[in-house]
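Read through the structures below before going on.
In the two complexes that follow, chain A is the common piece, with chain B as its partner first and chain C second.
Up next, the complex of A and B:
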């Protein structure tokens, strides 16, 4: 049966769906594979037009060879997710050139569904989900085309049929989605290789946070159980950087920190160094994937009991697994706290360590201010005053600094971003023996009242400091607030308003139009939608399912859940069946009767339903009596109906009846208005 | 020996026991509207493959803990179930009526015409029907209210042919399920004997007082041409005509006392019944193409000579039904 011809309708949808499904993968596929895709599609079109014939066995072997070599060179390995997806896509396009039987068409279509699903391993947002849904409709259209008679040549009709089928499947899908008993992974699977992502890093060099603030990407969303604290108090602590090599700040050696505290293990020796005071703030964070391990929290967090998360010696959270998908964790923080009231001499040494060489002028500056200050507190105040009163400028475009970056910044350029201020401030502290360290994370955010959460984006990235003081422990000092208080009060956009550098390389970013109210409204709505999506669809994990269902059904075990799911599914299928198979009575009516009955429904809406068996004339008389204002229209419609129906016997000509009804509707509209 | 030998004996056809059950459930009728009692539905091989795909996707969803993979897997699972309804809907409510039949010669295809019709808005698409599962005829009922479908059934032996239960099936819309029904539309047609060339025309016997038919080879009285058959003397071949049309024809010479021919059972001594009928059938067709009146004599049956379409049909029908009990 080599003479099998895929119906034209089906082939068209197959090719369109195939391209649509593969296009999102292009950014990840090697060029050779992409070229192969196009070539196979071209060949298939040529075969269809009868210009070329199907490739011979050796050409196919050659294709497979080049495709595999292309994948191997492109990825450098065949392990991992990306090469496997590439292999799947290659099979999918090559199968196009091997459609000798109807069954081959089915194989292409099933592979198409599978390639569509792989897209979800990379992206899970609402837009890409909608896109994949459209792709699935197209693949289903190809499937329908395969089962239509050869004479059927209306691709749009086929697409509509596919849409109808899938839309009817949606409610059933929701039942399965909510109730299908979720379980933990059965075996480990290759994950996608790490992707470079924007976000706070564990190295702070002058300039890199300023670079980060050029991005309007989402970092995380935080939902508060109670009232949302003022944005100026939201210091989202991410990393503590305490080693300085003269140029950049990095984290303390992990070995020095000792054991990480995990909830399932006995407390560590250092946990009593944390005193939490004041009211607690309860909130949850939905973190976007970072490909890193650190987590953000408001100072100072209590421990969490989420699996896989530990507390590190410098009182921040750490995920034992790299965060490759959205992570939701719940926290309790105390905005008043005292940590490390006693600092061991070793730590005092580490936190005052500076490179022997470099930045001599800054060291001299520190000593001269120190001599003028009666105590440590005055010293800190003097330095902050210096930032405030001298000609220091908070800018997203600081000049490039040389080898002695602290010197140059403090005494020459005096233009810098938060990392310049934080870094040089800690330098000045350490220069006179005050323990200090840099903290990086995010500051502030935007409150979304529709979704009731605070949204933190990359341009909220910030660096500040912690200074150790006798009797108080680590105290947060934010030198940026001395230079540009509006950064802390109102956010970056206001702080750099004059120089107009906010998201300067993203001319179309939504975030640039925060002053336009209606745009902001739309943006907040969309953002809230995205939040609910992430929270309830993407984040619908086994534990979320259990806690949600326990709310409605009490404690359920999986078996019961399965039963509930099946009964729900089949009763809903029954409803769909009534919809699909039910006799559409109006379809059997003559057009004129259909119009008349529609009119009767309009009257029923006015509180005048036609009773069963009531003739049109009787009904008209009753309406005229009850509502004299409707009488003329009623008479017009009834007369037309009777004339067409009985006198002229032209039940197909509904035009004049429709017009009479339209006149009634218009009048009614006017009187109501 | 009426019908059963004429139905295709493919394995997809129901077994005898099942056929009896079908006969009780759906007795033969000339118009049948398909409904719940008459439609069967089961997944196809592709449907089973599709469900494996879904299982595979669910496994991927579990292992990647990816909700959206679940979404797509469940969407396809729901599509699978919803397609049962749509495939069923594509047969349910369809009315199939027997329309007309055309007789055939044994070994040829008999033609059965059916009318498919619908009531209301429901449309039917990609219906497949027929008696031969290898060669099902497709039909659509979209804009049209009814459609005529001509089906051909291979015949083997003469007699009354009842093709038995017809298969009507559909894979539409997605091919994951097959809905089908076996319908007996109570249609039958007559199968004439297979015409077998009988050599030179046998000498007819004088038949009645009306006149005598004599045919002798070599008589100069040329009366017509017929197709050349092996064994015809070469001198009788119409060479002039052959040069013109490249058709080999034999000149026939005869002397007629009377131009009425009797086709006799006894022309073919020593042959069995079917062989004789086949040859008589051949001669009926020959004479029908010529100008003479012809009659038929079978044991116990005598049809007076005549001419024309109706006469021919009657002759053929007599041959077809000879010594076959009706209605068995």
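Up next, the complex of A and C:
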């Protein structure tokens, strides 16, 4: 093989950096690819130690073939992002076995930067950003190592140099991040939508919200413009479920709802059925990606002007695009409202629909209570009282229910979570002909006073109901509050305190230690930091950038901004160039040296430049030999210079030297003329 | 060039043919009161040069042939009991002379090497509790074979630093070699040579050489050179202040030989390789003292004016 050997320092960092950038992808890579990674690194180390030689052509072809086949089998498809990232990583490690020239080393390093960036396709939090920064330092160390001589044996020094280099470039990076025009990509790769995400779903079966509460993942954060309303009033409405099939609750058929209201289109027929009363609450929500379309809002929201968001017939928001990345939207809600004061017969029919079969005992129970109640309001009150007085238990571990789930829950087990109460409450309403529906979303949250926002996590998921009443429209009734009022007042953790099931599957979750003050303090601070990061770094979209810049510079044209950036960049380069090249500026010289150097420039114009390190006598001798006609003037100048500068040590007295130079110039002029 | 020095150089040159530059360097070293290390292959005229210098400069001369079994006492001297006087009498070793030729210094053990090197530094010898001064002027010319030759103990950097200059004689050019081959025995020529000066005169010349003017500009230049060796990554370590002093002293002596009352950058450049080569090591070079290329690069990288 060729003689080029990657310097030890560079190879070490190359391998370490390579592993570091690949490790976060391990969970997504097929085992075969991971094995290939390790094998290539091993082979490269062996090549470095001189034990093995580089693989031959056919072995490499074999590697590529099996690597690609392995990826194909691992993912089952070559569509989507993951297989292509896998392919990139595979080629990245295989390139190690081809480093015959320095150029190949550069290829590996550049690929390393590229692979490091692919990590951002999956994670954009602070920890992963810091991690990638360290990776980039290591790759840069490999780049530095590639350009160091073999005698640099200390990898730590190279790493330090790379760190200094990158830290120095941080200010420029920040400036570019803030100011550089953001251009949307020319093409996009669809993200794999199969990535499992926890969150509220559009089907409610007894047990699935309870399952959701096992997660402490963040759902969204809400920042209020004014005072934060009490947590018990924060009902984050997400979905309305009104179809019941005897087991689960699902959304109404979209076709029945009619057109979705969008601010940029003419008003719909139903939109005036919403009357907003009382004070308005203004807030913005930063939603974590859900891979779904529905958005959460406090009841009842005014419309929003954000593009791509519409209002659905049951007065909740809908995003026309699936939410794959964090989404920020601003809302105004009124906690007092009146919707659908008149309900069309068709809707009355839909909202009182129950399956013909099933749950006969519950239906009988409803009828018996209905007979005892003088009116609808008393009926509701009676049922809630029943929940409250009988031995109903609010628990995260409800027993498994059979075919007649409502029957079994209401009359036998009497142990359930919010979805049991909400579901059976709506069932009891509909059984006697009162229109009712289930609403799912989140309730409450935690106020972070450091970041001044309310943080809602998955365990805040909740289901409640809306009952339609004559003259009042849809009224929120939360049967859970009858069973476990502390759930609404203080959150889930208190409601299930006795059975100790709160996040029982996550022994190390921060959330379990909410009672420990200093831990809470740290957690709130970290959370606030994460919020600012999401809001200002991850959420720094082109529109945010434009509005931020507009605040300081007025309305800006993107093209103009680009021009300013580019010219700014080049003038900065120019300043650096002047600084670097002009380091030996004449201003720092003694007067006598300045005069002498000017004379040297005159000589250079004659084709006889003085070289660096050439003393005046040597220079004079060389000039005299090359151009005997210049010799007398040269001698005159050199002698004067040496007398003043070296013999008499009077660098300030330049008069006689200047005179000698003038004499030379005059003579030269005459000769040329 | 002062006439007396010109004559001296011509005299030495008649024995050591075609090596005028090296003879001037050796004289420079001597005028700066420093010791000289001559490094070359056997048979290149190392011994002849030192012998001739001693003769021409009218110095008492002793030669110590360094071998692997040489002991410090063989250099410094020893006290021997005299039966007649019934007391110990000190018999001074070969070190007690004005010019000492330490031949093949790297063939002896470090112990004996250091005995010589200590005497060089202190210009006195302490034996059996009694300090005896060495004669003045005291001048050591050490020769050594190239490090790669078999049976050598290379001198460590700290001891190399004691030598003001290190020179390599190199092969003579063809014309000089032809004269050598055709002419009579150099030993006979050496025998016939007359001293050109007295010891007193030599000491006066040394004092005069010290009075050559070194202007701010020259000091700046020397400092830039030294600074460069300390900063540029190709140097394993920079020049010590002693190295800087040596460079200045030699530049003065060289300017004096060139018959100038002041130092010019060319004087610094003329002596620089001999003064710094053995004090420098390339960062990429772990074994040798291969400063030759470094000294050349130093001269072309650091500008005279700046």
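Annotations
Just so it is clear, the second predicted complex is superposed on the first by the 548 of 673 C-alpha atoms of A that agree within 3 Å, B and C clash if a C-alpha of one lies under 4 Å from a C-alpha of the other, contacts with A are read in each partner's own complex, and residues count from 1 in each chain.
One rule holds for everything that comes next: a contact is a pair of C-beta atoms (placed from the backbone, for glycine too) under 8 Å apart; a residue touches a chain by one contact, two chains touch by 3 or more.
As the structure is a prediction and not an experimental result, all values here were calculated from the model.
By the touch criterion defined above, A:149 lies against chain B and chain C together after alignment on the C-alpha atoms of chain A.
With both structures placed on the common chain, the touch criterion links A:647 to chain C but leaves chain B unconnected. In the superposed model, A:532 makes contact with neither chain B nor chain C. Of the two partners chain B and chain C, more chain A residues are in touch with B.
Of the two partner chains placed by the overlay, neither chain B nor chain C lies in contact with A:349.
In the overlay built on the shared chain, the residue A:541 is in contact with chain B alone; chain C does not reach it. By the touch criterion defined above, A:576 reaches chain B but does not reach chain C. Of the two partner chains, chain B is the only one that A:103 touches; chain C does not reach it. Residues 149-151, 584 of chain A contact both chain B in one complex and chain C in the other.
The touching residues of chain C, when paired with chain A in their complex, are 213, 215-218, 261-266, 269, 283-284, 299-306. Chain B meets chain A in the complex at residues 46, 49-50, 53, 56-60, 62-79, 81-83, 85-86, 88-89, 92, 119-122, 125-126, 138-140, 171-175. Contact residues on chain A toward chain B in their complex (touch as defined above): 103, 106, 110, 113-114, 116-117, 120-121, 124, 129, 132, 136, 140, 143-144, 146-152, 161, 165-166, 168-170, 172-173, 176-177, 180, 182-189, 191, 325, 537-541, 569, 573, 576-577, 580-581, 583-584, 587-588.
Across the interface of their complex, chain C is touched by residues 149-151, 584, 589-590, 593, 596-597, 611-618, 642, 645-649, 651 of chain A.
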